[in-house]
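This report refers to the structure that appears directly beneath it.
Chain lettering (A, B and C) follows the sequence in which the chains are written, and residue indices restart at 1 in each chain.
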């Protein structure tokens, strides 16, 4: 942007200023052109990715359902028409969470089941017919006949938008938290309640009945619930092995992810540093060696974590070792490069001062070099550790295991969103804790010790 | 312009203490005083860079201390300010720096894309030409000497089409030759454009040479306000709070007037401001 | 410091420090060794077995690629669109996230006169939480709602980028010289104009340098997210690897493309960053 079109030697304003306006205009045209280029590229990408079509096909309902399901749980009331026709009431329809005596909003008498969904919504199931009552709509009847499910609306009314009735299935969802389904074989009524059900102890456990304070008191009480184990052990074990939430497995998965990140980063740092010395021009006279090490760094980084993970999954199987090695290989390249740049920037005077004392090679590094390089070393390692906790979740999802894989699996089953949310919260928690810790350490390091 | 009981407190420090003065007709006012007297703070309050604690500044009947938003920015444009450290944008070329003087009144969208019309650019070049640096129009501001940069800053001030010009120690970081050029340019704004110029100065003889009126400040208060001729050694002692007579030639910026045997106290005064 | 005092210092410190550093290093090795022991025991395959097989897989795909002969290059060409898709995910995400980062950074810097000041701390919290969200989670969530497509990955990467770059940008902003900003304020320039001319010219080279670095990181992230269904080269890789034996040449072609492009971007970005930081850019 320096002056190109200036009339040299002239002090006349008209002459000196001659080329100025074109330059000012060119500058602004350049800025406009750059903005337009970015906009054009984004437009191209939006067309290439078919964003419009995607939005049209998006299922925002899924997001609502997912959000509801993630913070609430539902209780299923199921009645089968064939075989055992008994009405079953179970949390999330799980066999292991079946009520022995139904809750008070479900009444079962002979062959009639009455379900009170609250807010004026009621369902009565008798034989093969159900009657659904809503506050602002007359009673709806659905009957299973030889031709399938027959739905009868109140006289003169057309079907509401929350009802889908075909011969195969009757599906009414007047509100997010209430749903009635009927097929040829069964009726299923869902009622939603807020909160995560049975988070601490499984449904069947005797501990479910106690309040948190009582649990605390029990833990220290000498009166044993089970003769052969102390209470605190029983409580811990019941929590740890809770089949719905699998706290134990989740913890192990988190540990695996954490291990991947910390082992990978530590290895990369410890291997990268000596290699960096070989790549730094002021420590390694041999140009061939230097170039070779630098290319090695480029190669390690260039192959990328994705490919390293795939290779290691093949040879080492699933698990934290695989993830740790993938991180270690990639980041040896990244950290090695950074360290070698830092080494090339070290202060010569301090090094010379140490050399002048007749220090041997070990002392030379120990006192002339290490003190200068250690802050860079630690702060970069911490920085990479932070980002590697995130990377480790992704590598895990590729198949290396840990919390990432667990997350993909629970998400793929698309059933228990509360479990998914639990995993998400834990993962973000882990990332945030690591971020905060490493941020604190780095700040302390920079501000001097 | 009527300044009435203007004060500024920074915590427990009173930087400017109930200052009052008025300027009726265009004139060149020199503000002198030791370092920390509150000269900069006073100018910054007039330009609204620093919020005043008390008092009022009436211009054409309006108290400009109560202006907000657009009107405040319009006032800032009307009273151009020149700084000791120039406060240019170092990475931009000179002509753009001058054009920035007209940002107020230029549409935000246009300014985001650096769109300036031909007539604006010509105005900027005319301003640069008046200060004798039109040849450097396309150089980056940071490549210029201090004196040239200060002249770019004055050109930017002219570009604002101001109603008055404030200058906070405009020559404190310049060599004597550049200082003279800058002071002459400021004086020209007073004589040719018939504008009021208020100029903080750290040298007495500069104030004497260029100003129509001198205001002396000490610990936030105005202790002297009259024509330069009335500035007797006693008054100077009052202003600078020094028990010693000041050797004025030491604090001079004009060439050839520097005496070698500088009085230590006097040079302290100069260094510190 | 003279040579003598250094000599004395060395002798005094050496005895003490030698012991400490030996203990420190031994401790670190012990932690690493036990960590690897633990990791190895948690792994489904064992370390020693794996070591033997380490070169099997790369060997296998290289052999298959070799056998494919000139067909290999046809494969490379065939997968070019997938690579472009991955690059587009990264490019669009870096641009969109970078733009958001600029906005966040200007609102979240304490020295730019943002009013009311509560905005600054709120924006900082927002940036922190955006940074904490792993891309994987956002991508999986959006894939569930929007279906398999590059857009979820783009949004996920952009979201994270906005937080990460925003923080770096605001650190750059906070080191900016206040004089030009004040100069513009005294001219009556409004806030946007002050940012545009008082701050942007100062910080732009650093912004661009961080931007390039982030683009490189995002290309890697986009490739990986493809593996969970976000399209591009990662999705192709999952397909060819899922087939098991026989698709080695395709896998090799994909690896080749990915390595080549990351290598190129890496070199380009470090070259450009060096130029930018050595101070050759205006605005």
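Keep this in mind: a residue touches a chain if its C-beta (ideal position, glycine included) is under 8 Å from a C-beta of that chain, and two chains touch if they have at least 3 such contacts.
These numbers come from a predicted model, not from an experiment.
Of all chains in the assembly, those touching subunit A and also subunit B are C. Chain centres defined as mean CA positions place C nearest to the mean of all protein CA atoms. Set against the C-alpha centre of subunit A, every other chain centre is closer than that of B. Looking at which two chains touch through the most C-beta pairs, you get A-C. With centres set at the average Cα position, the gap from subunit A to subunit B is 58 Å. Subunit B and subunit C have CA centres that are 48 Å apart. Chain centres here are Cα averages; for subunit A and subunit C they lie 18 Å apart.
Those residues of subunit A in touch with two or more other chains are numbered 1.
Contacts with at least two other chains are made by residues 93, 140 of subunit B. Across the assembly, subunit C contributes residues 282 that each touch 2 or more other chains. By the touch rule above, subunit C contacts subunit A in their complex via residues 1, 3, 6-7, 10, 13-14, 17, 21, 28, 31-32, 35-36, 38-40, 42-47, 50-51, 53-54, 56-58, 85, 88, 91-92, 95-96, 128, 131-137, 140-141, 144-147, 149-151, 154, 220-221, 223-225, 227-228, 234, 237, 241, 255, 258-259, 262-263, 266-267, 282. Residues 1-6, 10-11, 13, 16-17, 19-21, 23-24, 27-28, 31-32, 35 of subunit A are the ones that touch subunit B when the two sit in their complex.
Looking at the complex, you find that subunit C touches subunit B at residues 179-180, 182-190, 192-193, 196-198, 201-202, 282-283.
Listing the residues of subunit B that touch subunit C in their complex gives 47, 49, 72-78, 80-81, 83, 85-93, 100-101, 103-104, 106, 108, 111-112, 140, 153, 156, 160. Subunit B contributes residues 93, 95-96, 99, 113-116, 118, 121-122, 125-126, 128-129, 132, 134-140 to its touches with subunit A in the complex.
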